[in-house]
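Structure provided below as structure tokens; questions to follow.
Should a chain be cited, it is by its letter among A, B and C, assigned in written order, with residues numbered from 1 in that chain.
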Amino acid sequence: MNFTIGHLILVIVGAGIITAIVTKFNRLSGSITALLLSIGIAFVCFYPAFHILPISFTTGDYTFIFNLSTLSRFFLMLFSGMFPLVIMATVSTKPKAHYYFFFYLILASVIGTISSQDLLSFFFFFELMTLFSYLLVIYKKRAIKAGLVYILMGIIGGLSLLLGIFYVFWLSKDFRISVEILKGSYATLFLLSLPFLIKMAAMPVHIWAPDTYKESEDVYTAFLSGVLSKLGIYGLIFFWFTWGIYGLSAWGKVFDVPVTGYIIAWIGAITAFIGAVYALLSEDVKKLLAYSSISQLGYILVGFGIMSSLGWAGALYHTLTHTIFKTMLFIVVAGIIFRLNTTKLSEMGGLIKKMPVSFLTLLVGIIALAGVPPTMGFASKYLIYSALFEKKLFLLTAVVFAASTAAFLYAYRLIHNIFLGPLKTSLKNTKEAPLPFLIPSLILSLFLVMFGFFPGVPLEWINNILMSLGMKSIASTFTTISTSLGGFNGLLSSSIFISIFGIIFILYLILFPKAKWVNDKNTFTAGEVMHNTDLLTYSSHFYRFLEREFGLLIKLSVKKLYDNILGIFEWMFDVARKLLYHGNVNGYVWAIILVTLTFVISFLIGGLR
Amino acid sequence: MVNPVLLIAVPLIGAFLIPLLSAVRLKVLSRYIVFITSSFSLVSAILLFYHVTYTGILSVSIAGFKPPFGINLEVTLLGCIIVVLLSLGVLISSFYNLFIYPSEPEDKFNIALILLLLGGTGISLTGDMFNMFVFLEITSIAAYILSAYKRNGTGEEAGLKYLFIGSIGSLFFLLGVILLYTQAGSLNIARLAQYSASHLNNPVILFSAIMFIVGLGIEAEIFPFNWWVPDVYQAAPDSISSVFAGAISKVGIYAFIRIFITVFNGIPYYEALIYLVLVGSLIAEGAALFQKDIKRLFAYSSLGQIGFIVFAFLLKRADGYSAGIFMLLNHALVKMLIFILIGGIFVALSTTEIEKMKGIGRKSPILGILFTIGILTLAGLPPFSGFYAKLFLLKATFQHNYFIPAIIIIVASLIEAFYLFRLIYIFYSPGHEKKHSFSTASLATGFILIILILGMSIIPFHIKKQYTDKAAKSLFMRSLYIKEVK
Amino acid sequence: MNINILYAALAPIVAILLGLLYIGIGRKIIARLQRRYGPPFYQQYIDTIKLLAKKTVSSHGVFFSLGPIMGLAGSMVTLLFIPFGSAAPLLSFHGDIILVMYLVVIAPLGMALGVGEGSNPNGSIGMARGLTLMLAYEVPFVLALFSVVLYTHTTSIAQIVQSQAGEWSLLKFHGFNWLTFALPISAIVADICLQGMLGEKPFDQVIAPHEIASGPMVEYGGKYLGMMVINHALHIYIETALFVDIFLGGGPVWFFIPATFSVFILSLIINGVLPRFRIGQALKFYWGVPLILAVIGIIYTMVVIK
């Protein structure tokens, strides 16, 4: 069956309208409708028998072209696959009509963005996506202030993109991208990268992310973090690719990496590390995950900046991994918040027995986040490290590794503060999160583990992308990945781990007698009698010792810098306004006379042109 | 085919009718008269536009005296567009006034409104310089009266300021006309165009150009002559601010364009003017950041946008003119919408202070949606028509190889985004607990305007091709204008 | 290959026996340092058997029990990818040093889960410190490894061992192939990091018997404690084996065992005479001198390669 991209977008918009109308009548059936329609859309995007054809139309001297490149297909499948899972998780929260309406519009604009092959359509859909995302962020009253910062940063990115696009237009007299034109221009590079760095919340333009992620509706945060941030890496590859790799080395190389890439890699590394530090110091679970997102996206930037096959493979692989596990983590946490009605980590604890399924899925997510086998997180980390080693970038390796280890810290904090430790008395009657949250989490955990066993499978798709962009592919089979330096066998290491675990577990069952279960009030307290075990929960300021040692550094804030800079500009404008529009009509008349005299005098002197 | 003279005659008759009616104590009918008159103007202007599209510029001599002795009306595409906008604005305003009564005395208010319509139409359709001055005076005086209509301190102060500065503008305009007359011996615009084309080196001609810059600059709200705008827009009654911001400013721009593109064919101090205008936009947008009163905020916003529109017309290219006309259309519709909605807010809350408007978006979702669409269009975000307006403008700018202006435009857009989204933030913040009912009249008028804006957003390229490109082309080819009068 | 599978199956047992032996001898040496007699060198075997023989097993929950199991399983998987000197590469051709760096993390993380369910704040504090310590020592360590990778152009541990191969004979000293001599600075850095990895003073904040009641081990008793002791032994083996393989050339069995033992004793002696850092101090320390040394080591390596 053939249909064009335009049809796909219209279908999605139509689905949004239908869902909105149904939700107006009955919220639950609205959610179900949304779910079914989203599954349908995903099916259409995945099933190979449906050919999605390019489309282009021309009006006047404007031409708009839409086509799905290999890169676009990858993202299309990723996003359309994530969409139903996120929608599924919204069923319990019973959102209003305009929630689903904007959600579908966001998906439509995302697909429009990734299928645009000319600059104007790209800009159109990119801005549209930012706008609808903003409208969905302010769905919750508490998110109004955060939404303001979000849309303003989005518009700064949008205007930078617009200026960059018009600069390209001026150089090439065309809005379609052409390779030769873009070589060697500092301004274009900066202008065309800034919006995507903002989207990916790279430092120092990340200021919108923590508050926006925290305040927006819990399930939507999963989509924001999982899907929308990936538009950043898509945009970077899309625009940088058109330079051609050869064009980039026009500024020279550092350690055999183009300078421009090196700068991006450093931005990524610093983001990864500082993001992780802020994550482990957060007291709020959504803020922790927000900083974690910022940190993980930093890895993608590192991989991208290395500008080698391995680097880009690592970046794309980590895009896939991060989308899956971050969406899953946010959904699980949304389920927990749904039950507990709090997002403060200090108010949670000991939920492992009450919410075992959430615990298991969060555990898989944490393992993937840490990049430990047997999940696919390891493969992406492996590729990035191999890329770093291959190009001998030791300082970057150190920072990335520090960030990676810091990830263990906040990952452990996340799972410990929510599920481990003694059960708080206020949480005695907590039930497991409702099914709509659990099903997507389980499905996604399955993928994480499956690709851990078979790390070569996503790599095959990624190799297709690399070859379409003109780079060498990474040698891989379904189960192994090999690089010029070494390699690993995912199936082997994962199965050995599982089998050893199994053997020991069986031995344990055989050799160990039935355990005597003790409850969490029965712990070693060196002889003291504790009446209130709530006081024994070690959760707030988990890493206080770090806060103590590095306190001063943590107090520095980019946000204050922005406020100061904005303050200066505002002051300038205020002075101008008070000077000129002072309200005194005599002054106005004098001003007019002065201007006239200036014109007259220059006329008399210059003799006019 | 409508005789263009009717477009001037009918409002005039209406203006005379109202005092007659008041004498027989039928003051109330005056607002219906305005409504009917402006509807007639709107329909006629639209028909005239299509007529001119098919048959070219129309020249109508008044009272049978052929130019250069008699006065003629020269109806161009751009002129028709302006008349359409003006009559739409007055129509909307009068529709609003049908339900929300303006302050007493009502009949004089409506007379002034009709005179505003009359004057603006005259400026847009006339082919004679002195005639234009007369209509300019009519428009100005009507505007002075209307801006001072609220008899609180601000109204009178604003009216007085407008009077002073506006009078200086008229003075300079008249001086310019006189100077031109001494050189060219004719007051007919086409004749003057022909004359100045061959006599560009005449210093008197160039001096008169300076006079026109000042005079029309004041009327067209160009920096550095637009000092009167913030006070007047703030103090005038809301429906009048809507007409001012939406239509009268465009009339002023039309006058500016007609003089400088048709008569002078290019402006001296061209580059200086470009930068002056853009800097003015920047300052205006920056000033808007601090405003606590919503009408003043949108007054400064208007100044910014008008700076861009004038810049578009300074680009000396047909696509620049087309972009300017598109922006003009878009801006007119948006500003009319916003000020009418502000009117609705004022009726409900009795205040125009922004801080006091917290949360009204939640209390009245329809108002919130209409206002948000207006703000998004103003900010230039897709998918609304404001985006296309900026797009066309930037394309024309870059094709002219102007970088710094483009950067200034984008910086100004950025500043705009700041205060506009802050408005949305305030509207949707949790706030007002009391229920307010927002006048249906303002919502209904808002609705009509939204439909027009959405129409522009859905088929922008069609509008560009069918309307603005044609109007721009006819503007660009001044020879057509001159030919018609022979 | 068949021999290799046999070796792979035997490796955990050998590692456990060796590890426990080292700890036992270590206790004797420490005692002598502290002018005591100390327990016999086979004491650790006795302790482990005693612990495993305890009948009562009290547990806080499923994951509490799974913690030590995960720890053991993780350690065992890890050691399969570390060659036993140059004698038995085990599975190290199927995984390289990056894999090992991540596998090493599985054991502590598994333990961390179990400890968390133990609901004892001491345990949680211990784990928080453990992770912070990991953050501290991993960075200089990975830089030291980086210089090795630079020098040998491979990330496979087996190949690193092979690159230091020479004729091993009891009489002649063939140590000049060792990377310790090729990259001395990196070797020193790695040894400093080893001190933290082994959890010996001044870096034993994780256990810190006097402060946090043995940290992660606080809730575990009986059989579980026995498993944890075994885990500790495996851990010692893994760390020292990694160091010997990379910097001391691996070597045949008769060299490998004494080498790992010597490395362990070196760190034990340092442990015996030093007090404990605060965890913040530990972090500051590792990110101070060792980090700078590691960077110098890499620059040195790059110079040497040219």
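As a convention for this text, a residue touches a chain if its C-beta (ideal position, glycine included) is under 8 Å from a C-beta of that chain, and two chains touch if they have at least 3 such contacts.
For clarity, every value in this text was computed on a predicted model and none was experimentally measured.
S.K.: Count the smallest number of chain-to-chain hops linking chain B with chain C, moving only between touching chains.
M.R.: 2
S.K.: By mean C-alpha coordinates, which chain is most distant from chain A?
M.R.: B
S.K.: Decide which interface, A-C or A-B, involves more C-beta pairs in contact, and give its chain pair.
M.R.: A-C
S.K.: With chain centres defined as C-alpha means, what is the inter-centre distance between chain B and chain C in Å?
M.R.: One centre to the other, that is 80 Å.
S.K.: Could you please state the distance in Å, as a whole number, between where the Cα atoms of chain A are centred and where those of chain B are centred?
M.R.: Inter-chain centre distance comes to 45 Å.
S.K.: Go ahead and note the Å separation of the Cα centroids belonging to chain A and chain C.
M.R.: 36
S.K.: Where on chain A does chain B make contact in their complex?
M.R.: Those residues of chain A that touch chain B are 59-60, 62, 120, 123-125, 127-128, 131, 138, 141, 144-145, 147-148, 151-152, 155-156, 158-159, 162-163, 166-167, 169-170, 569-570, 572-574, 576-577, 580-581, 583, 585, 588-589, 591-592, 595-596, 599-600, 602-603, 608-609.
S.K.: Would you pull the chain C residues touching chain A in the complex into a rising list?
M.R.: 55-61, 63, 65-66, 69-70, 72-74, 76-77, 80-81, 91, 94-99, 102-103, 105-106, 109, 112-113, 116-122, 124-125, 127-129, 131-132, 134-135, 138-139, 142-143, 146-147, 149-150, 153-156, 213, 218-219, 223, 278-281, 283-284, 291, 294-295, 298, 302
S.K.: For chain A, which residues count as touching chain C in their complex?
M.R.: The contact residues of chain A facing chain C are 350, 352-353, 363, 367, 370-373, 378, 381-382, 385-386, 389, 392, 394-395, 397-398, 401-402, 405-406, 408-409, 412-413, 415-416, 419-422, 485-489, 492-493, 496-497, 500-501, 504-505, 508, 511-520, 523-524, 526, 533, 536-538, 542-543, 545-546, 548-549.
S.K.: What residues of chain B sit close enough to touch chain A in their complex?
M.R.: Touching chain A: residues 160-161, 164-165, 168, 172, 203, 206-207, 210, 213-214, 218, 224-225, 227-228, 230-231, 268-270, 283, 286-287, 289-290, 376, 379, 381-383, 387, 390-391, 394-395, 398, 401, 403, 406-407, 410, 413-415, 417-418, 421-422, 424-425, 428-430, 461-462, 464-465, 469 of chain B.
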